[in-house]
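Order of writing sets the chain letters: A, B and C. Residues in each chain are counted from 1.
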Amino acid sequence: MSALDSAPAEIMGMPRGRAVALTRWAIIVGAALALELYGRLFADPSFFQPLSAIARAWVNPIMSDERIVGALGMAVFEIALAYGLSIVVGAAIGMAIGGSNFARASFLPIVLLLYAIPQVSLMPLFVLVFGLGAASKIAFGFSHGVFPVIVNVVAGMRNTNPLHLRAMRSMGGTRADELRHVVFPNMVPSFFVGLRLAMTMTMLGVILAELYVSTGGIGYFTRVYAENYNPAPLFALIGSLAIIAVAFNSLVRVAERRLMPGRRPTARLNLSGARTK
Amino acid sequence: MKSDVVAQRTIQLAFLAIAGGAWWFATSSGAISRLFLPAPDAVYAALSRLVGTNQFWNAVQITLATIAKAYGLAIVAGVLAGYLVTRSRFWMEVFEPIIAGLFTIPITLFFPMFILFFGIGPGSKVAYGATYAFFPIALNTIAGLAGADEKYLRAARSMGASRFDVFRHVLLPSAFPVLLTGLRVGFFICFASVLGGEALASIAGVGRNIALAAELMESARMYAWITFVVLTAVSLNLLVTSIENRVAKAEGMSR
Amino acid sequence: MPVDTAPDLADAAISIRGVTQRYAAAGAADGVLALDNISLDIRRGEFVCLLGPSGCGKSTLLNIVGGLFKPTSGEVLVGGRRVDGAPHPDEIAFVFQESTLFPWYTIIENFRIALKLRGVAKSEWDDRAMEALRAVGMASFARHYPNQLSVGMRQRVNMARGICVETNILLMDEPFAALDEQSRMVLGEDLSILLAKTGKTIVFVTHSLAEAVFLSDRIAVMTARPGRIKTIVDVNEPHPRAPDFMLAPRFGELRNDLFAMLREEIRVAMASQRDPVGGGVT
């Protein structure tokens, strides 16, 4: 961390961490205020509305219309199911591929080839095959979520420290002991990187499919509001989905902290997950 | 060792052969409706017909132009934002979590807003693709510039390097590999989101054509488009990977 | 020490006989010769150092003795039994160069695994672990994760894990290499005390001359690759050794003798590292 100025321990008489957090919140609140003012004073109301109007639209119609609440609930269900499937199937495939050098060299290129396909181009196909209901959204979410899990499980199993394996052998450990005490625990951080990425990707898949199917669910309402130049409920609906997304992400993080004691979560900057050597 | 590689290649080819064979068998035996999965030769015929039409080249041209604009915007905005934010450690600590946090939310959510603001033409796709690709580029620029090893900076300063020298000879080269990753990730995100945006709501472009063929139940044509997109994406990916490997190799040798 | 009736063989805790190791390597038809026909008997309760220039194959030899590598030819007997490329955790404990404490387990959990694999009854695990930790003064860190400890503390704990399984033989592969000189000396003293107390047989790989002289009963000086035993030096000083030993004139003499013997080998080793066929560059 370097190129940057040296870091003073205190800023404006506050501990550094608090000053950073405070500034961050000030910026967020400032941005919200600016949007509110812009909405009230300058914006064309058929394109933009102040946050207060969006909040009112959130109470009514978004939260008071059963169909919209139902559509949101459906999206939550689809994301949860697609995510669960991604984890189970992805971990199973990943362990099978990562279990030996031979299997990895044989099958990882195939997985990476499939991962490189831009899945949006398959979206109409998913809807054609799985219909307009929840099935196509779950399937599309799953097909987005499963790859990051596979790739990161394989990567995690690969990065086993050979010295740990040798220590295990010298203590008389069997292959089962190696897997249980070395390979799997070593894989956990990478697995969680996969889980985090998979969550973002699953939500992307489900929401893409939701928006694509505009005859029902969330896609229907966003289309109606956008076509009628009714931005307040549109933004409120999008905001609700964003909150759902944040909640799902936080869930993954909480699980990570619970299940990985004594270790810091790994860096989050490797975003693609697409390339693991 | 060598026999292992042969066996691995055989498995990979066998996988492709089995997938292709299953496709052919499923369609010729009538096990799967032609509506869901047309025969390989029907797709091939549709693709070769498609490539001969003006409509095809128009759509490709529109989509390429959209991607180019979106990606260009994303690079300029992402690198600039990354550079500005890393000017001080304080502002980096303030902004980096905001950018990273936003990127964990599927930006697709906001797609209806882009349609509302920029209309149904290519403009909304440019804005949407640029916004999506901005995040990985900005985040990797931050990571690259902030990750330069202190000891090299100190060495450069001890040799009397100016601020610009430090940027030119230390920061930029050391950030380069990470920056490159950001550009690659950003490109493929841009590519996918422009196609996705076109499929969701537009009047032209490759994505729109896939969706249109699906709506009209012309599945051979839809598969022809999908095949075109998949082949393009996979060959681009292979190209970029081979360039990256070459760069990495050259760097490894020079170090 | 129990007195054995058969003189030479039974007295040897470890008997290395004609061990040769070749690695497959590009550009060398029959591979690179790493160890060339090494023979060495190590008595019970003896502390033997393998000393040599880097790349001479001393770690390889230790791994062969421990059954982690299989030699190309030759054999190793431990307690009269043949080690055939399989570890003997009931006889031999290993301490590696870097800490091999599993970072995902606390210190005490790391010890429990070692004891479990050694077949120790569950009820004894924690007692034995704490005893070993006390011996190296690390008992208060039992519930810490390895990453919460300094390098020196980790290596101290790593050593204690090798001790807690109470094997007759301890193989140590440059266990103090990552430490600063002062920590090395302190841990060396601990080890000398331990040796006097438990009567363990220890084979210790190092490239530090002072460490070799301070700890060993005998020092096996190895040549540059291919590794052979050049000579064996007797130290003749009872354990436990006090730090004063380092100030004794004999200490300095031994050290200088060893360096004189090694200097030529080190030059050979350094030259071969520049030579690609020698394969020293990594």
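Following the convention adopted for this analysis, a residue touches a chain if its C-beta (ideal position, glycine included) is under 8 Å from a C-beta of that chain, and two chains touch if they have at least 3 such contacts.
Source: prediction; values computed, not measured.
Chain centres were defined as the mean of their Cα atoms; on that basis the chain farthest from chain C turns out to be B.
Closest to the middle of the protein, by Cα centroid, lies chain A.
Inter-chain centre distance (chain A to chain C, centres taken as mean C-alpha positions): 48 Å. For the pair chain A and chain B, the distance between mean C-alpha positions equals 18 Å.
In terms of their C-alpha centroids, the spacing between chain B and chain C amounts to 52 Å. Those residues of chain A in touch with two or more other chains do not exist in this structure. Listed in rising order, the residues of chain B touching chain A in the complex are 4-5, 7-8, 11-12, 15, 35-36, 86-90, 92-95, 97-98, 100, 103-106, 108-113, 115-117, 135-136, 139-140, 143, 145-150, 153, 166, 170-171, 178, 181, 184-185, 188, 191-193, 195-196, 199-200, 207, 210-211, 213-215, 219, 222-223, 225-226, 229-230, 233-234, 237, 241.
Taken together, the chain A residues at the contact with chain B in this complex read 1-7, 11, 19-20, 23-24, 27-28, 47, 102, 105-107, 109-110, 113, 116-125, 127-129, 196, 199-200, 203-204, 207-208, 211-212, 222-223, 225-226, 229, 231, 234-235, 238, 241-242, 245-246, 249, 268-272, 274-275. Within the complex formed with chain A, the chain C residues making contact are 63, 66-68, 87, 89-90, 92-94, 96, 98, 100, 102-106, 113-114, 117-118, 145, 147-148, 165.
Within the complex formed with chain C, the chain A residues making contact are 161, 163-164, 166-167, 169-173, 177, 181-182, 185-186, 188, 261-263.
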